[in-house]
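Next come two complexes, and both contain chain A; in the first it sits with chain B, in the second with chain C.
Coming up: the complex of A and B.
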């Protein structure tokens, strides 16, 4: 599983080949300045020089709205599950997002796998693209062991060198993909690999003052040493917009609805947000977490407590900074971890 | 999967939003990061905007009433019924007997077509939008660059501001994109002064909160003007109207007004001090101010305060009028109002009338018509497009009865509504995601909305439905689509001159400006004018507590403003977030300060008996320190149906407003 080099002038050919047998999802520029991961219809659509995509891969692996099954009650009950069995290659994915998929794997795989998620996941190839510098001032993957370069968790990891992409192999699937396209690749030289490690260190230096000191907050949270007032203050700075939840690479809560049309129906799964007042509210009207501060505490506990890190194999924040971008007030990861550390929210 | 750039269909902020489309179905929503308002954020409503598109409760077929039932019909049948129904009333009673309601949630093109239909085809001057009740009456003078109720600045002004003055506005609930900038601005030192009866979250975080007593808003603003004038004068240059303004507020020092406003002089002077030391301020108001009596004078006073900023002091101040709905601004721009033509041209302006008559190839009804709140009881037939009149104006029951009693009612909408349920004809319309068009947000920003999917079943674009009816009535429209309608709008409305479809495809659209502002090359500014003396007079004794009625009840438009609204209550997943008010407090959410709850022996979650001079009712109690001592708050959406609140008629605009009402409160038996 040695590293290869894919010359820049051969990248489009490589991508074309990928497109022949799979849906290739890559960062694309939409409306000039917004970048989304999405299916490409030509190699030229890939925005190799992008910063970050507005949303993580969740939109493909766990869509905002997906059909789980169709049923009809006309002349007996018939139920048909609907599983997405499309082959996909996720190309040019930032390391934070790759790490996020790993956390989703822990939550939706393991002992009680979710068939809808796993059906997509098992048919996905993930090709990471490292960040040579902090893409956004809101990025803090360096605080979360989730970038700007990874040592595992990917099928392939590409780093842009002057002569081409350094292709690191992280799995059997990644190796098989390299083997199938050996004619486009060359073995990487030692000095190219050394360059990769130098670039990784240099990239880390470019992350500025904006940091989220998760470790300190993690300790206090896990030991139940956070003053309840901090959660009350955080609650005053949260508007339950759902942005952090919907944008987070590792938030996976959902709700299920049935839509009927006469005797036929569809069961769908939709994104849900635990910060919402009615998220856990029961039919009786009882709400196990009636205060927003309680809901915030539960959310952050799930994200960065030691207890949950044990369950998921790592803490659930990947430092992608999307909660910072999407927060309608002041209750995102860096804001709250700072509040936890200081004992007061600003 | 495709991402279609469009605009959020909820509040007046107009955040750029992408709809995700898979196999022709709209399946998700995302924020735009490059959009000047959204900047990568959406509120809960925006994140679920797709849920009202592919929704099982959408109207998909025309319905025609047969006896007690509405039954499905073809478009031909429905159209014939509409033509017959309107025709009968026209013949028997004349155009004055027909009322037309336009929509703060439909496109500019839809609304423009409706105005042409009303004043041109039907020849009726009775055209309005019921949400105009939330608009401040216009006190601007002809030829002035600014208009009352219209923003002079933009939301991004908050990014450089050092002070924001919130007046009656709770951005967290009403305008999240504005709220976001304030929460975040605080981190870099933005000072917040909040004038509001309710201690909403931003008021709780504010540097100074002025908990004004309901009815005291104008006097409070005037006392701020008093202090600012005393401290900085005209800031080094005499301004037209300056002397009158100084004289007009000479008698309303904070010490004098404290008893009526409920705000101590100290606090007012503190707030004024912050304002005086600011270099870049933004003044923000919303329905919380606009639905109070004398709101016209209050907003005029805010503009005077803003205008005092420029000149010698160097302070730059913009004023944001936070309209509640995605296209309330555009709907008014298009002339959906009984007293103006599209573009705010005066009905008495012969040249303007001639331009429209030439374009429309017919005479147009030039009179001032009935306002929305006057129509149900005074016309015989109505045509309602995307308007929720039973929700906007007081006494929903009476309104619904009046609608039911009409000879003919046709409702055009995307979901069934109370009005639709009593109509003779219901026409299924396309949603925001199913037609191209433009909306104008609270910053005067004209933005493109884009068709992302086909309308369900036989639903059609609103403008096309109207054009078809007009043609069947002998007045065809020449438009092939929204771009042609917009071309005409751009030609005939001076404020939309220079706003074309192609540039509107760029994220963020174009903000319109009045010709005077364009000539002046800068932001519009109001002339300094003193508040009218009679408006400024101390509120009467009916607003004071008495032994019999020891509390003042106020209807709060900023409290849970979206609960029960059709486009949130029909969502598939988070509807609960917007209906919990109705579930938990079905008779009314009476918000009481803990002191008052204790004093009157009522408990949270339990029913209370509420008595006013006008009547009595029962409500469920919510104990919260958001309510100040002495004042009980109920969401405006629920207050309209209580029957115990006084209704005052706004002098300037004739609007029926729920007035603060003295009450007594006790446990229900």
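Coming up: the complex of A and C.
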């Protein structure tokens, strides 16, 4: 599985071919500056020079609202499961978001795979796009082993070089895609591979002040050595808006509701957030985590404790910085990990 | 791919009122093949669908021995349970499961078996009590201590009477607050522990009840010398999916639905460290 070069002038042709057999989801400029991942209708829509996307890929694999079952209660109950069998290519995805998908794979796969997620995931091809410099001042993937370049987790990883995209292959699927389009590709030269490593090193040096000392926080969280005041202080700031959980690539909790129209009904699942007061509340009214600090603690424990990292194969923060950009109260990942480390929120 | 969210259809065969707000629903899966395949152990639970109202987790409250139906004893307390209590015999519901782990049985062979139940905490204990009693020769003794808030809150009245009369089993009852006509014990269920002889080093205890009751009973038991491994409980949480995906039931580093709902006090203590 050797790397190739895709000359810049052939990229549009490559993307056109992708679009013939799959829905291609890529970064698109929605407003002047806002970039979202979304389905494209022509290769020209791809914002190759983008920094970060406002949202991660999460909603394409785990929609915010999704029909799980359809049922009818007319003359004996009948239930049918929904299934999304769309072929998709995720093109030009930032490394942090690719890593986020890897965490979702661990959470939604495992010994009891989630059929809705897996159906989409198994029909997905992921083409990562490396960051040649820190795209945003809020980025801290370098602290999370999630960028700016990856060594695994992608089907193909593209790096923009002067002579074209360096196409690294990360899976059988990525290799098959390259083989099917070999007429557009050329084998990569050794000096081009060397350039890729130089660019990766240079990119890492451009990351700014948003360091998140995950390892230190992980140790304290996992050993139950966090000063309880840290959670109280974080709770004073947090307004429980849930923004961080919706923007986080690895916050994947959901709740389930039935909706009826006459004798026809659907069972849907929706994103949920462990920060919400009613999240764990039981029908009796008993709430196991009545205080906001309890809920913040549970969220960060799930994100970055050793215990959950062991179950998921890695800690769940990918350093995308969306919680930093989205939090109006300075209770985001780097702020809380620093608070945990120092024993006080600063 | 097998879809673990797809419920099997079951019909309500019998509804037996237990108290003013609880009833036992006897269910049978409609499909004979599914019925045969539905094998469970005491302590396991199901996700029950009342289509249109939603889905919620309930422990299976009957022993699976020798029958192709199973019981869910349910308190009328929320959206799904209200809708279930409106349904009668012949009504159709959805069932996913059996889910979760189960009470140890072979592992506690030869021991003195103590059950301590509070209120509707007797629901998950009943299948284990039935199975242990059926094979009582394999155990040193069987004791059931059960308490409820008032005499009207005592569930399984028929069984309680049987258990009190049956040979090979001790069963004591208490209520927090007495009422006219009640001549039995008054006091929290922990007070019954003083009324029975227990060979603590050779005993295991199965505890279930409201959180506050579990807390105090575990304190009492620890004081009596019960080891953390000898105290076994079953926990309840708002389990949406039942298979470790939705994360609603997470406590510390465990899912109640998938890693539990049965935990030893040692495990429970370790989980709770990250919550309290």
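Note that in this section the second predicted complex is superposed on the first by the 346 of 346 C-alpha atoms of A that agree within 3 Å, B and C clash if a C-alpha of one lies under 4 Å from a C-alpha of the other, contacts with A are read in each partner's own complex, and residues count from 1 in each chain.
We take it that contacts are C-beta pairs under 8 Å (C-beta built on N, C-alpha and C of every residue); 3 or more make two chains touch, one makes a residue touch a chain.
Since the model is a prediction, treat every value here as computed from it, not as a measurement.
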After the overlay on chain A, what do you see for chain B versus chain C, clash or fit? fit
Taking the superposition as given, does A:272 touch the first partner, chain B, the second, chain C, both, or neither? both
Kindly classify A:281 by the partners it touches after superposition: chain B alone (first), chain C alone (second), both, or neither? both
Could you look at A:308 and tell me whether it touches chain B, chain C, both or neither (first, second, both, neither)? second
With both structures superposed on the shared chain, find the angle between the C-alpha centres of chain B and chain C as seen from the C-alpha centre of chain A, to the nearest 10 degrees. 80
What is the contact status of A:329 with respect to chain B (first) and chain C (second): first, second, both, or neither? first
Scan A:298 for contacts with chain B and chain C and give back first, second, both or neither. second
When the two structures are overlaid on chain A, which partner does A:187 contact: first (chain B), second (chain C), both, or neither? neither
Have a look at where A:77 lands relative to chain B and chain C in the superposition and call it first, second, both or neither. second
One more residue to check, A:257. First (chain B), second (chain C), both or neither? both
Determine, under the contact definition given at the top, whether A:343 touches first (chain B), second (chain C), both, or neither. neither
In whole Å, how close do chain B and chain C get at the C-alpha level once superposed? 12
Of the residues on chain A, which ones does chain B touch that chain C also touches? 255, 257, 260, 272, 281
Residue positions on chain C within touch of chain A in the complex are 1-7, 9, 49, 51-56, 77-81, 92, 94, 210-211, 236-238, 240-241, 243-253, 258, 273-275
Residues of chain B touching chain A in the complex: 1-3, 5, 18, 20, 27-34, 39-44, 47, 50, 56, 172, 176-177, 179-180, 183-184, 186-187, 201, 204-205, 506-507, 572-574, 576-577, 580, 583-584
Residues of chain A touching chain B in the complex: 30-34, 36, 38-39, 54-55, 59, 63-66, 236-237, 239-243, 246, 255, 257, 259-261, 268, 270-273, 276-278, 281, 285, 325-330, 346
Chain C-facing residues of chain A, complex: 68-69, 71, 73, 76-77, 79, 81, 107-108, 110, 112-116, 118-119, 224, 252-258, 260, 265, 267, 269, 272, 274, 279-284, 286, 288-289, 294, 297-298, 301-302, 305, 307-308, 311
